[in-house]
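Dropping the structures in below, format is structure tokens.
Look for chain A in each of the two complexes below; its partner is chain B in the first and chain C in the second.
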Partner chain A sequence: MLSLLVRRRRLLHHLLLPLFRPFPMAPSQPRTKSRNPLLIPGIGKFSRSKMYHKRGIWAIKAKHGGAFPRHDPKPASPEPASKKPPKFYPADDVKTPVPNRRKPKPAKLRASITPGTVLILLAGRFMGKRVVFLKQLSSGLLLITGPFTVNGVPLRRVNQSYVVATSTKIDISGVNVDKFDDKYFKKEKKERYKKSESSFFEAEQETKKLPKERKEDQKVVDTPLIKAIEAVENMRGYLGTKFTLRSGVKPHELVF
Partner chain B sequence: MPFKRYVEIGRVALVNYGKEYGRLVVIVDVIDQNRALVDAPDMIRGQINFKRLSLTDIKIDIPRVPKKKTLIEAMETADVKNKWEKSSWGRKLIVQKRRAALNDFDRYKVMVAKIKRGRAIREKLAKLKRENPA
Partner chain C sequence: MPNCPTCSRASSRSTSSAEMVKGREGERVRLYVCGRILGYKRSKSNQYENTSLVQIEGVNTKEEVDWYLGKRMAYIYKAATKKNGTPYRCIWGKVCRPHGNSGVVRAKFKTNLPPKSMGSRVRVFMYPSNI
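Now for the complex of A and B:
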């Protein structure tokens, strides 16, 4: 449908442009979009012959003396030397299970949860407490702290699903949480004692002692946090108070 | 008891149901027994059932189905916005909106303020009781 002149002009432009660029142009980048727009998934707008022309296969062939340039064929891999017949043929055909290639990704962090956000814990020992979010660990769990002196919540891991994010944020720029990861919080494996009668009746219970380094780490993290908290009026009391529901309060209507 | 708020052209009403819930509109025409044509400065003029309207005390002076410009001018001269916001009904709605938009931290601050106020009142009352034991 295009006139011959237009076609010729476009061809010349297409061939000469790489040779002679009139003004400084951006370096040409490989085309990312298909030249054949999809009308319906599976059906392109242009036919095979049209696409042959659009992709310029005719021009590439012309450039390479009539044939489309090809790589040299790969050297054929040598046949494995003497394959022994298998010792055992199973009676029934057993289906080989498909290998599990699934790699679970860390949970996607809700947009409302950013470092320094005040979170409300919904379950567990510290249910109802308002705590400060520090960072997301590689397992997907959230690293939080009370701070400990404000509400008794230590450095702890918590699942995103058991948390309500409020819109209140605290400045945690002075806090360094790089040293905390999932390994830090991993429980030590208890030595499995053999189930003997003597051990059953021995009422020995080893009390778990909190390692000193945990207490110090807590202090290191909390000190700059508390400074930031004291800077905001009422914030200390807010973090020290538990979240409660009362008569007439509808959680689905609350703005957090 | 006679009626005080009449459906008439120029009556300001509050939409109490539907997509336009909470909007203040002006009745610009009556379509039939059940419906009115309403208009507001930031809305496209449309029909609405009377059952979806709550009439207010405010009335403005407009001709039947005025142009938007005339409507806006009439609302300005009658000072509808300020009258509404000063009225007890209007003030209640503003407070309701404010309370609904409170953040968790804000709610805590309100609670603290209420406790403080109550305490101050009770202290003063106790003081007065002590001084006048009659």
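Now for the complex of A and C:
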């Protein structure tokens, strides 16, 4: 289709390209953007023949002696010798569900929440308590602590949406929170005993005993924190007090 | 103590009234704003019960409603038979959009609000929070 002259000119141009442009021909990083911008979904800007030229198929062919390089197909793997016909053929076409490839990302941490921020819990057992933010776990939940001796909130996970970030920050540089992750907080799976009469009457609900490690971990995290808290005037009292809305106070006008 | 917060939150949501009322031995904290249920979304002679209109205290303009969009609300009422050990029951909902220019809000609830709720209180919580 293209005239010989055009082809020759273009070949020359591309062979002499290194002279025009000093950068190397082959890209060091593979090209990510498509060469054919979409005008409308399904319709590209360039025609088939234009794209042929843009992709440089003609140059690749020229490099490989006139034909596009191809490899012979792999030899088909031999079929297993004993292949029994299936026992059951479904009467109607059975639709297989599309596999779910979705991998949810952890929630993006709000700019107002940085390690050491004092947060107000909005719901749950400790609602209203002011609490120190330590770090965001891989699940997206926030790791917080009271500290426990100040307001009774232990090391805990909390969802970002149930928390208001205040502008008060505490210095937590002395605290090492590397060992805490979601696995640490995961509930132990109760052994599901088979429902039999004996087990029904025997196994009473065991009271949850807090393992020693948790108490120690709490102390390890809290001690440097409390030092930092004592350094600031009124901070201990502030963290010990609960947040509450009062008559005439409008949350949409509050600055936290 | 090592409670998974999602668990306590879930229970807080489904039997929130029980927890809210029963477990308040300590100081009471109010982390919600009161609202009044005005009625259903309606025109002169047609009403659409899937959306209720709510007047949130202290919110008087359409701009102020922006803060409350998406916030969860609970309509709490009492019933004769006790469920989960408490006579209080709850219908959860959320703020959808402003209604008009004066701070009234449209809200959708999990199940439509009963007509007896008109004129009664609704709790508008501060979560999901974006502060």
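In the analysis below, the second predicted complex is superposed on the first by the 168 of 256 C-alpha atoms of A that agree within 3 Å, B and C clash if a C-alpha of one lies under 4 Å from a C-alpha of the other, contacts with A are read in each partner's own complex, and residues count from 1 in each chain.
Convention: contacts are C-beta pairs under 8 Å (C-beta built on N, C-alpha and C of every residue); 3 or more make two chains touch, one makes a residue touch a chain.
Fair warning: this is a prediction, and the values are worked out from it, not measured in the lab.
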Between chain B and chain C, whom does A:V158 touch in the aligned arrangement: first, second, both, or neither? second
After the superposition on A, what does A:L141 contact: first (chain B), second (chain C), both or neither? second
Compare chain B and chain C by how many residues of chain A each one touches, and report the one with more. C
Of the two partner chains, chain B (first) and chain C (second), which one does A:F256 touch, if any: first, second, both, or neither? both
May I ask you to decide whether A:S167 touches chain B, chain C, both, or neither, giving the answer as first, second, both or neither? first
Now for A:L225: first (chain B), second (chain C), both, or neither, which partner does it touch? neither
If we overlay the two complexes on their shared chain A, which of chain B and chain C does A:L210 touch? Say first, second, both or neither. second
May I ask you to decide whether A:F243 touches chain B, chain C, both, or neither, giving the answer as first, second, both or neither? both
With the two complexes superposed on chain A, say which partner A:G128 touches: chain B (first), chain C (second), both, or neither. second
Touching A:V118 in the superposition: chain B (first), chain C (second), both, neither? first
So the chain A residues that chain B and chain C both touch are 243, 253, 256
Name, in rising order, each residue of chain A that touches chain B in their complex. 118, 120, 130, 166-168, 234-235, 237-238, 241, 243, 253-256
Listed in rising order, the residues of chain B that touch chain A in the complex are 100-105, 108-109, 112
Note: in the complex, chain A contacts chain C through residues 110, 112, 122-125, 127-128, 141, 154, 156-165, 185-187, 210, 214, 242-246, 248, 250-253, 256
Contact set on chain C toward chain A in their complex: 1-9, 12, 23, 27-33, 57-59, 64, 66-68, 125-131
